[in-house]
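The two complexes that follow have chain A in common; it is paired with chain B in the first and with chain C in the second.
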Partner chain A sequence: MPEYTLRIRRYDPQSGDAPRWDTHTVDLSPVQSVLDAILKIKDDEDGSIGIRCSCQQAICGSCGVRMNGKPGLACNTHLDEAAQRGHGTGWNPPDEGQEAPVITVEPMGNMPVIRDLIVDMDAVHWKKIQRVTPWLINKEPVPEREYIVPHENMVDVTQTMACIQCGACVSDCLAMEVDPLFVGPAALAKAYRFVGDPRDADHRERLNDLSEDPHGIYDCTHCFNCIDACPKGVDPMSQIMRLRRVAGSDFDIKDRNNGYNHEHAFVKNIRKNGILHEPDLLADSYGGKLHPAAGKELLSGLPTAVTGLLRGKMTPRTALLHPHKAPPEVKKLFDTIDGKQQRYELNLYVSGYEDEPEGTETEGQS
Partner chain B sequence: MPSHDVLIIGAGLAGQRAALSAAEAGASVAIVSKVHPVRSHSVAAAGGINAALNPEDTWESHAFDTVKGSDYLGDQDAIEIMTREAPNEILYLEHIGVTFHRNETGHLGTRAFGGASAARTYYVADITGHAILHVLYEQLMKRSEQIDRYEEWFTTDLLQDEDGRCVGAICRDLRDGALEVFNAKAVILASGGAGQAYKPTTNGLIVTGDGIAQAYRIGAKLMDMEMVQYHPTTLAGNGLLITEGARGEGAWLLNAEGERFMERYAPNKFELASRDVVSRAEQTEINEGRGFEDGTVALDITKVPRRRTLEALREIVNIGRDFAGVDITREPIHILPGMHYIMGGVKTDSDGQTTIPGLYAAGEVACVSVHGGNRLGANSLLDTLVFGRRSGLHGATQALQMPMPSTPSSRIAETEKNIEAIMNRQQGGRRIGAIKSELGETMNEYVAVFRDEEGLQKAHEIVRRLKEEAAVAGIDDRGSVFNQDVIAAIELGYMLDVAETIVVGALERKESRGAQWRLDYPGRNDEEWLKHIDISMNGADVPLVSYSPVTITRWQPEERTY
Partner chain C sequence: MKVAYWPGCVSRGFTPELHGSMAKVAPLLDIELIELDRAACCGAGVIAEHNQELADTLNARTFALAQRTDGELMMNICSTCQGAQSECQERLDANTDYREYVNSNLSDEGLSYEKGLSNKNFLWLLVENIGLDELKQRVKRPLTDLRVGPFYGCYIVRPVDRLGVDEEHPRDRYLHWVIEALGGTVIDYAGVYKCCGFPIITMNKEASLKQAGRHLGDAIDAEADCLVVPCPLCHLNLDLQQPVASKVVGRELGMPVLHLPQLVGLALGLSPKELGMNKHIVRPTSVIDWSTSVVAGAA
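For the complex of A and B:
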């Protein structure tokens, strides 16, 4: 069996010492997990390594850590997969006698470390979950038997129900790194679980709340980190985008953060130019070039624009004129989407594998 | 000192359901769990939950299937209660938000499950336990003014007053190592089974028999401990569970010769016979040389339409891919029987009351007994919820009529001393991990699907020896923040206590019934053994054995075929 070197970040708050790195070498098969390796080290060498873990099958959500820079569950990350990340593509486990590949294991980000690989999820993750009123507010009257609900709706919310609250998405959320108050991917996915549930009575209130909150649904920056991180295919960012679509299109919620206007400015911009024309985007997001609010935003954006001009990222010509015009293909795309009666939503429980985009229509939200 | 009407230890389905019903009855509630509640092992329950909710179905039919599944060792009064209350429990869960599967008319839909004469299993894809656990936790968050949650607190001891009444517990805050006395009028154990006494097992690392051992150590009687369920479909090596839902959806079992062998063992139900029957059939095929070289048989899920598998069995698609490198929608997967569940536990009545006043138990930690010799698939979630609710209600009702008992807080000094002694144990002898491995492998070899006197005696000797080794096994961690080493040492003690009671029960029962198949005593012997084996602590000596009758209401024992 090949050897792997685990480099584990250790931190003992009682010692008064700064964090340190311990290295251990284990002989395990490439398809055994990073957690298998850590447990073997705990059993055979050092029982003091702190890591939460239980089910070993990616359902309890305890063992979220960063492995060679990427967050995930230690129990369903194979050793060769984790090693690969540190060594680039095309890498193969070395033969016997060669140097063992290194897997660096660290605690998740965006949450304070309590000890070793254990982070304080209460201080961040669970507080944010609590923030989204995470329970069903029953539509009245509560029926004597079950609520009659379309099959598709239950399958649809099962994707967010599949969240195991492991925190991997929170760990690498870039928006949260900049704005610690951002409600964040896990809690917003949880919010969709109620907004997508026809039995819930408070869709409008929930969406209003999360649209108007400056740290709410419009605070997400589409970086896709949470989609990459999620071990369960919950796709938190997709759920945030669905919350926006339902809030904007179905409930017509025009928030004070200008999130709604910004989205619509984006669509308008692409429809017109084919590619993003940023000067227009900013102005349109605030009601057009002549709107007072837009003027203020444009002014405050000036230093950025000047830096952009100085560094050659844009020219006066691209800044002021509209050099691009949307080609017919873009117009056709817009026409096709506008012509649809229902929205297409990608949902793993409906559409199958990630790599098989046999996109299935789900019910439009109402 | 935290004082509550009702103290609940364990926050899986049974514990959370007990907390909600106790709170609803007006009691103040504390729920203590050594892990965050949503990490509890109920989260791994996949297939579903049984209830005769369809108008064409009857609770009597569900009850009879359960009695027959138990090989007539289940107590029929308790089984009647469970199956009668099942439909209301499903509706309760539906109303608080569980996203149960719907049929094409938008009503609750069902799937077939083993040992059942109707399709009465309600489900959420193959994450039913997970979905219910998370929804119950939503309710705990909603009721946080009435229910105090102590998350990541490890219970070390149950407390009794001078009259022997259970009046609380001592718990350790894992975050800083501080010990605290929890005072309560009623204490409900809901801390799950003891799967980690076996290796491999489908159970998580936290399932270490804590509650069973804690109750046993203060004199509570255990019952049916010999009845250990081997699930028919677990992965070789790591023991991961492939849900019975797969067979419920139509998957076949095949031996290495490609034969659908269940036809010979259960000509009517095939793969959907009860679990003990299917596991024995598989083990027989393997033992007689018709298995694959890796000691397995095959589960062929390609019989289920691919689209249906991806929607309803998504979790095992992932497990196949991540843990066995197999796309179960395209090829059969190798499986074998693996330790899954213990039917036995702390003996209770149908309100969850144990033989210790003030102490209740519900869920896998308890033995009511509704599962007898063999539990039907999708009856365990039902057991946790029905008896969790009943324990919470009974405990709260009692508590509201009595003053807060005084708690012997001096006991905390004793616990402190015990923990300090563990902290001071130096390495030198065997490591905790090695002792635990030997225990698990021993149990899996000698106290498994097929058993005999010689193997059981051997297992007993090994367990006794391991107890001695465990008492001096060293630890590495001397800190107090998340010291998992000291917890592992305590858990090892719990597992060894539970393992011994399992072995003693299996030695005692000289017949074959349900999950207990004795090669030296083949066949059920109702004349001598239609009774429960109760086990209680006897100091450091071999546990004491006694018997109690099986309650029979309307179903007399008959021959059991599927």
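For the complex of A and C:
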């Protein structure tokens, strides 16, 4: 059996000692899990390593950790897969003379460490879940028998229901890294679970709440980390985009972060110009050139704009006129598709990929 | 090689030096660019957020226009275009009924997208089609002693399945490889795979620029001479907004940020001015000094 080296981050905040790295070597099959390796090390070498775990079958969501810099469940990450993970997104050659690359195991990010690999989920993750009213508020009258969700709606929320609350997406959320108040991927995916449920009575209030919160749905920075982090394919970022779509298009909710303005300004801008005309987008995202907020923003951006003009990044002509015009065919697409009664969305989590035999992984284009 | 070329919006807007430097570098690599000048914006994820079918149709139209050319493949110079277009293409390629439905929107124009287009960022094309050996052979002024920090951003490396990042195509190492092939020194720092913050610049400016400022600061701490980005939107936050980011994070920055074609162009013998570096907000002084010293050394 191959030999794997694990570097485990040890830290006890109560002790007053700085964190340290312990190295252990295990002989295990490549398809055994990182959790198997940690438990073996605990049994054979050092029982004091702190890790939270229970089901060992990727159901309970307890054993979230970072392996070679990437978050996931220790119980459903094979040793060979963990070894292949780089600190980037998937490449980590062994050091010279080594058979297999070292597997670094750390606690998840964005949450305080309680001890070693155990983080305080209550302080961050669960607080944020509580923030989004994570239960159904029944539309009255409640039927006497089962309250049935129509099939298409059930399918629609299936993806968010797959969440096991492991916190892997929270761990690597790059918006939360700079804005700890951001509601975050797990909680917002949970919010969509109820916004997508026709039995819920409070769709508008939920969306108003999350749009008005300056750290709500418009605080996501599109970094895709949560998509790669999730061991269950919940795709939290896409759920956030769906919340924005429903809030902005169906409920016409204008938020204080300019998310609504930005989205509508962007669409209008491309419909008119075919490609983006940035100066207009900037003003329109703040409510239009004559809006006081736009004036303030444009004024604060004046030094940048002047430097840009001086350096030739833009010319008065490109800044004020519209050198590009959308071809009429493009304008027509905007009008026809945006004018349809019903939006058509394809969710690959539900529909799957037609060409692939079951059980194989999706291959990216090349 | 001939490619259907999608420059995106920002390279023709606030970062004209990107479009210009690509035009200068292409002939030096024997790339013939057939510009898709009738195609529309990829939507940058924002149109998809508004209406998925609209974003998929606009990009299906771009793909169909690319397939009409005699280019071997479609090439872009913007990670955000790559990411947004790959997302639409994933849906279009996954489901025949959906593809036909979206194509029906394009029938008035006589356009139709056929499954399986290859759409690559210039970075991918450099490594996978031109090849690093060929690139090395064309280097006239190796970037010796130039310490370059790669900044991948998000859209070109995540999600890994959609973007085809795997052992066979370790696309999350390509910037490292290209810097090395050009003779430069790769600087690893905390921000290599992080987000520049640009998508929320109008929504939460402080959070947005805190991201940009931190990565720039980390690169300074790692003693990089400059950063290189494959995405003009990252360039907007890291260069255009750098003076403001500096205030947000409360430290001096002054880190030059190069577009990928500019870095390649430098090594292929073009001057910083030819590559439009005079248009940057942060003067790439370290790069210009390096370039001058190399030219002086050669003389």
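Before moving on, here are some points about what is shown:
Following the convention adopted for this analysis, the second predicted complex is superposed on the first by the 275 of 366 C-alpha atoms of A that agree within 3 Å, B and C clash if a C-alpha of one lies under 4 Å from a C-alpha of the other, contacts with A are read in each partner's own complex, and residues count from 1 in each chain.
The working rule: a contact is a pair of C-beta atoms (placed from the backbone, for glycine too) under 8 Å apart; a residue touches a chain by one contact, two chains touch by 3 or more.
The model shown is predicted, which means the values in this text are computed figures rather than measured ones.
Of the two partner chains, chain C is the only one that A:330 touches; chain B does not reach it. Applying the stated contact rule after C-alpha superposition, one finds that A:31 touches chain B and leaves chain C untouched. When the two structures are aligned on the shared chain, A:107 is found in touch with neither chain B nor chain C.
Of the two partner chains placed by superposition, only chain B is touched by A:138; chain C is not. Chain A has more of its residues touched by C than by the other of chain B and chain C.
Within the superposed three-chain model, A:158 lies in touch with chain B and out of touch with chain C [touch as defined at top]. Once the two complexes are overlaid on the shared chain, A:2 sits clear of chain B and of chain C alike. By the document's definition of touching, of the two partners only chain C reaches A:258; chain B does not.
Common to the chain B and chain C contact sets on chain A are residues 348, 352-353.
Those residues of chain C lying in contact with chain A across their complex are 8-10, 12-17, 38, 40-41, 43-54, 56-58, 61, 83, 86, 89-91, 93-96, 98, 101, 105-106, 108-109, 118-119, 128, 152, 154-155, 157-167, 169-170, 172-173, 192-195, 197, 199-200, 202-204, 206-208, 210-211, 214, 240-241, 243-244, 278-281. Chain contact summary for the complex, chain A toward chain C: residues 84, 86-91, 174-175, 177-179, 182, 214-215, 218-225, 227-228, 241, 244-245, 248-249, 257-259, 262-264, 266-267, 270, 274-278, 282, 285-286, 303-304, 307-308, 311-314, 318, 324, 326-327, 329-330, 332-334, 336-338, 340, 343-346, 348, 351-355, 361-366.
Put simply, chain A touches chain B in their complex at residues 12-15, 31, 42-44, 46-48, 50-62, 76, 78, 114-116, 118, 121-122, 129-130, 134-136, 138, 142, 145-151, 153-155, 157-158, 161-165, 194, 197, 199-200, 348-350, 352-353.
Residues 35-36, 38-41, 43-44, 91, 94-97, 99-109, 124-125, 127, 130-131, 134-135, 138-139, 141-142, 151, 175, 204-206, 238, 240-241, 306-307, 310-311, 314-315, 318-319, 322-323, 325, 431-434, 437, 475-477, 479-485, 488 of chain B are the ones touching chain A in the complex.
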